[in-house]
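Look at the two complexes coming up: chain A is in both, with chain B in one and chain C in the other.
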Partner chain A sequence: MLTSERPFVRVRRKLREAKNTISSEDKQLSILENEMISLHELKESILSAFGQTADLIMEQVRIAEEEGILFYLNSTIDKSQLQQTLMNKHTNQPNSSLDLKTVEGIQDFCEQMFGGSGYKLTQTAEEAINELLDGSFVIASKNFPLIISIGMPNTNLRQVAEPTSQTVIRGPKDSFVEASSINLSLIRRRIRNSNLRFEEFSIGSETKTKVYIGYMNEIANEKIVEEVRKRLNKINVSAIFESGNIEELLVDKTLTVFPLAFNTERPDTVAGELMEGKICIVVDGTPFALLVPVVFTDFFISSEDYYHHYMISSFLRVIRYISFMIVLIVPSAYVGILTYHPELVPTYLLINIMAQREGVPFPAVVEVLIMEFTFEILREAGIRMPRAVGQTVSIVGALVIGQAAAEAGLISNIMVIIVAITATANFVAPVYSLSAATRILRLILIPIAGFLGLYGVLLGLVVMVAHLASLRSFGVPYLAPIAPLNMKDQKDVFIRFPYWGLRRRPSYLRTAEPIKQEKSDLNTPPDMQGRNGG
Partner chain B sequence: MEKENLSLTQLLALEFIFLLGSAIIMGVGTELRQNSWIAIAIATVLGTGIMYLFYTLNELLPNHNLFEIMEYGFTRPVAIFISVFYIIYFLYISSRLNRDFVELIATAILPLTPIEVISLTVMLVIIYIVYLGVEVLARVSEIFFPYLLGFIFLLIVFLFASGRIKLQNAQPMLGDGFMPVIKGIFPGLITFPFGELIVFTVILSSVTHLKKAKKVVLLGVVMAGFSLTFATVIMLMSLGADTMEFSIFPLLSAARKISIANFIERTDALVVFIMLLGILVKSSLFFYAGLKGLEYIFRIPYRDFTFPIGMTVACFTVWVSANFAEHEEEGLVFVTRYLHPPMQFGIPFLLLGIILWKTKKRQKANKKSTAV
Partner chain C sequence: MKKKVLCFLLSLQLLFLTGCWDQRELAAVSMAIGMAVDVGENGLYKITVEAINPAELNDQTASGNAPSVVFTLEGNTMSEIAHKMNIGFSKSLIFSHMKTVIISKEIAEKGMLQFIDFLERNREIRDDFNFIMVDEGKAADVLKVLYTIQKSSSLKLTRQMSTGSKLWGSDPDIRLTDFVNALTATGREPVMATVHISGNPKKGASMDNLKKSELDAIVEIDSLAMFRDEKFVGTLPIEQTRDYLWTQNKIKMTIVSVPCGNENYMALRIIHSRTKVKGDIQNGKPHIKLSIRAEGYINGNFCGPYPLNESSSYLMYEKKVEDYLKEQIGKMIHKVQKEYGVDIFGFGETVERQNPKKYKKYKENWDEAFQQAQIDIETDIKIRRAGLTSKGALLRKK
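Presenting the complex of A and B:
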């Protein structure tokens, strides 16, 4: 048990068993009172529920010398496992010591035969159908008082591969996959601690998607965990396919372009943030997990920051913040300065720019908008294009943006530089959702700069900051720890302190255990006098 | 109405930006020529005392803002009567500040844009911030605080680096004796910017740890006063007394003098942008205080008033005066002499007296009742 490869299954099973033991006692009573569902009725109701679906398999089997029917959904279960477990030689042997006609007998039988494989005894057809959908097979016999179902879900999905959207140079190269069970094991493998808890939810009235929340029991703030549970339970939609669906339903209802939950495909990011006291939400069927609560500065942090030397990571973080400002401001500043405040540009540079712009028929704002839209189109095309023709886009794009447009007199050369620096800076953001938000804001600021110059840009930025300051993610101010300011949290915001210096968890998460690690002794050179001999 | 909470850092940032806000751009005490910075330094000390009194007012009745304190002191009908004047006062000052803002923009960076447009756009931003709450306003000022400090610092460094600082410009000091300084302080400097701290009697009720706030509010005045004094010295030394006295925006004129390596020059526009944040915060605070008064009178959440009253303020920004000269004259003569003193000192001090008397009486009564 202790060496089980997937400990979370253990926890889940334990929970399920605990539920079973409680409910089976009730059941025993109810069985005596109610009429048992007959095999024929069960067959009828399963058939009527699933209709003519092709993946429902119904087989006659012999189990413990009894005639029975085996139901399963071909598409949900692992067939090789099924053959190994169910059809082993013991199952079909007569078992004279047990009376399979009684509830106790069938329980004992299952304990002996299927113990450890997550069996479940059910009584009604609805339960049996749910078990089928969950990836179990169901055995029923005329003479059994209960229906046996054994979970054997098919986990043969995509293999764990390198992350594609959040890459690092140094650090683990595994990423989440579509199967939530594998995702949970990727997290559990990193945190070998019994305090790591996963809770299962089933969301989507039609799809019944499995959603798990994970948190460190004695670290995460219980109130926030409770709030997440409450919000998950409140979700009332028919279908959930991606964590993005959950994200929209989970965060505060505000009109904002900024992401109020962090999405990642990196298990090391999730594990690291869980240890900080955050809560992760893993949705079955998607390689992107969510982390809540989130603050604005989280989007400038890559998990790699903790693997590189702290000075390098600090430098990289500063670069990311500067890039964010570049994306936001440079195009609108170009418009504002050229249109209203040319005196801000050093004279010779201004003469140069003006000479280039001489042939351009548009005002600066139109020029910028044309180019920014062209780039946005190229970028979107680059993502949607079939791989085979992807090369074409980049060549066409480089030629169109880089040269032809400038030579044709549509735009000035300086404009090419502006678009290029903005585009490049936009790719610096470690998380896509923030860079998408920045792109939208940039496009809002450009026309404002066209109307009101730098004054408009400034007002736009003030509004943006006020808007950011008003946001909250699960009760945590979005701009924490900058506003409200907390000096102790500054060690891991704009710059990263050495790992031994990061002793506290972020105070804005109000964790149950604010100290992350004890003060560690730093190494000093050992006394080598004997060898070096002074 | 949800309870809003301000941290002590936020309070400090708000107060600093508030005091520096328009004072550093418009220039205070510039008519005192070489003595201006001495006057500001003395006014800072007095300002600390004023802030202490305003703080005492809030400390005696925690979680009460100015209007509620007035109710305690004067009973509600009288408090409503006085509140009306305060609301008009706060909103009027808010629109005057916006006018400063608008004139600065119109003079320095957008000379061809009609002032109505500037007034409307800036008011929309203020409305948005105030609608989001004083907490958001405090966070915004917390974020801009370091930038403001940094820019003042950079400005000074650049002025030194450009070799524009001439110590002899500061001479003669106290050339006409001490009387002009006294005349400059009363009622000029003491009312603007320090007396305007009356707004904080509305804000202080939102501070989480009011007991610890005493040091912070006083520190804020000292810090801002010091920065203002220093900035005035720098302006005086780089511009000379004459230019400083007659310049409309002395800080802007000083910034124009910067020229380093033919690259960092004409920084005045940038200075304007940073300093604008100060006026924005200050005007938002006055606007918020006025709305709080309306909330007190009508017992309707102040957010309902934000847009209509904001639009009114935007209109009055344009209507308060026909041109900038009139605006300046009103500010220096009418507002300073007849409007500020009663609102900033007369009523609050009367109120403080009454409340002190009332609390003493209550204490006595308590003592008696416990004795019996």
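Presenting the complex of A and C:
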């Protein structure tokens, strides 16, 4: 079943290509490959395919003086548009000059009647069913050699709103929505360039989800684009609902906590990265688009960095890297130092810590694990909680974590600080997928620190870096441009150079056009010698 | 796949098998903050350890009990005693935060410094604690004297020493590593700060001491102890400790009170100084040249009718300070040369570094050569400012 569907994708692509070409001979050729089926057969096969589904509507209509049947899925098409425009005004008009019994005649008829509304001529029941599922209505008549389908998909979807998970202070406030058509238009609106190409794929043998890849034709590396196409075509699952599904099936390696594709709900991020030479994958039905290939340092960049002053952006980036290290290391370093290396702590600080820990019954590692898990529970609860009780639970949680536990002697006060700084620093990461990865690694490092001290923490970090160095995202080393080191690419990694200084695209993307912008002169003050109106 | 899982589980065992061996929970350790070494009656040494009570040193948890516990044990090696301390203490001791080691004068006189080996060798003990001699009485008593602010005696002493050496030059800031370096070098003899307890040490050990503004006992920085090899030979008073620091390029800040006749003095606050030492051997006699440069500002002036808005007065004062310093330092070096004959200044080191070939002949008996050494002192003082007034109140009155 699954394998039999795959050639179908290819046929559809061929048909689409055929539609794009202007020559009508080509169109005829591709259409007349198969034999036409009868109206009865069509009806039977549609009915057998959909069964007794409630949203399938079949109506007897007269089209150009001919008896015909109109099929559509109530749930996919815009019914008001259907009623208002096409059916009433055009299809009833008799047009005797055309011979609708020939292929040429019906093509001419459709050109006149439905030109500009995305009509399609199909032959087989299978194609007609797919058209129905895509949001078209299908008209067939006993005397027509072809089936006419006209796209009129339901656009009654969520409006573009502000992003909810990747917010910025300065920058565009729109975000992707569930409808891929709107998402593509949000990208296209930012890049008014004919080189911006979108390719459509239909993935999921059962769900037939529309997936688009977008790239800049003369910028993106054609080999990577081809690799994305190849991997998308290779995907062989029954259902795709979110870009997360695609992400897992698309990336190079699955045994890693690190995200190998960048997900974003911000069209400006996508547009910016497309211009760098990356490829975006937009999945219908989710506001999260993917960007590939991705490197580790991309997860520390927010699109806002390019809108703020470059010094502020650079400062913020450094803060993000520090926060990442804090989340990763602070709890395990606390355990390691307190259990194995008290000599590293300044004397007076150690005295204070000892004074606080005097009555704590647990070893440091147990204390940390208890607190970190408590916080993870609170955090997860915070996401799932109904909004009405949210406030109550967060207050209770804060009290449980903070005061009560410390007063009851379960944990020391300094532990509260450790958990608080770790938790806060974790929210700094601009992309959720990396912050989730950090949380997991942190929980791995804590017991290692309990067993082996700082030596263990270091060992864990070495393994982590080795693992990072082994990762690839569509052939691009994950640690680029740090390892392998490329000095030219450092302008936009830890600090951001001024916008006029960012003249090159990242070299690790091997873009077709490495230069982003020409060198421009800096502004100088105008000559104010003449007293104009002074 | 099964093999992989097995391998993973087996390697996980490594953690359980090898991990934790030196794990010590913070709640299970006591911090030894100071140590005192006295001559033992039954064993070779009598060692006293001050372990702090952290709850008392934290304002929030303090309840008014003693800030530290002092316990004494006798034995033949310091190592044994240090690890046997649980005869008295409840928790295991960590020595990594030890701030002071105090030895008694008796130990110094007998040269019983073999215990240094333990201090140097032990991984846990740092070599940057203050190494101090107590002038009279038992070293253990110093650890027992409480102080109102830092509470624990060792914590107080280490802060007192570093502040003293920074602000005036009362402490040579000798750590174990300095002492060992001087001990092992041929051209230098070790020195050590000396403290003494002023007041009644018995009363000073009581918590009542903390409730008074005038303490019953207080530990004072007293003088500078000089050693020939590991044996104590004598002390220099505290004023001369400062003069000694001039020769060591260790003066960070100090105040020089220069007499200018009629029991009047001018005080110069030195804020920056640098001493260069040159050593050579000429005509079979070491020639040492000290050049001291210092900058400062006038911080008190009762000296006659020299208006401070004229540059000539500054030059005059500079000359006075230069002469005074030259005289004081010269006197001190002369005293050490003649009375003790130990090269605590490291002049031998300087000669060795600058003229290694010439030094070789004197290497074996440098101390004798040092006694014959000719010392030239050059001082160059710059007075930069005169504070907020040019004429003092007493001079304005006239």
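The criterion applied here is as follows: the second predicted complex is superposed on the first by the 492 of 534 C-alpha atoms of A that agree within 3 Å, B and C clash if a C-alpha of one lies under 4 Å from a C-alpha of the other, contacts with A are read in each partner's own complex, and residues count from 1 in each chain.
By our rule, a contact is a pair of C-beta atoms (placed from the backbone, for glycine too) under 8 Å apart; a residue touches a chain by one contact, two chains touch by 3 or more.
These numbers come from a predicted model, not from an experiment.
In the superposition on chain A, contact is made by A:M354 with chain C only, not with chain B. In the superposition on chain A, no contact is made by A:I322 with either chain B or chain C.
Once the two complexes are laid over each other on the shared chain, residue contacts for A:G456 go to chain B and to chain C alike. Looking at the shared chain after the overlay, A:S470 reaches chain B, while chain C stays out of its contact range. In the superposition on chain A, contact of A:E343 is made with both chain B and chain C.
In the superposed pair of complexes, A:A161 makes contact with neither chain B nor chain C.
In the superposition on chain A, contact of A:L399 is made with neither chain B nor chain C.
In the superposition on chain A, A:A483 contacts chain B only, with no contact to chain C.
Under the contact criterion defined above, the residues of chain A that touch both chain B in one complex and chain C in the other are 340, 343, 452-453, 456. In the complex of the two chains, the chain B residues touching chain A come out as 7, 9-10, 105, 109-110, 113, 117-118, 121-122, 125, 128-129, 132-133, 135-140, 142-144, 262-263, 265-266, 269-270, 273, 276-277, 280.
Note for the complex: chain A touches chain B at residues 340-341, 343-344, 346, 452-456, 458-459, 462-463, 465-467, 469-470, 477, 479, 482-485. Chain C meets chain A in the complex at residues 15-16, 19-20, 22-27, 29, 31, 33, 52, 54-55, 57-58, 60-61, 94, 96-97, 99, 124, 126, 155. Residues 338-340, 342-343, 347-348, 350-358, 360, 363-364, 448, 450-453, 456 of chain A are the ones that touch chain C when the two sit in their complex.
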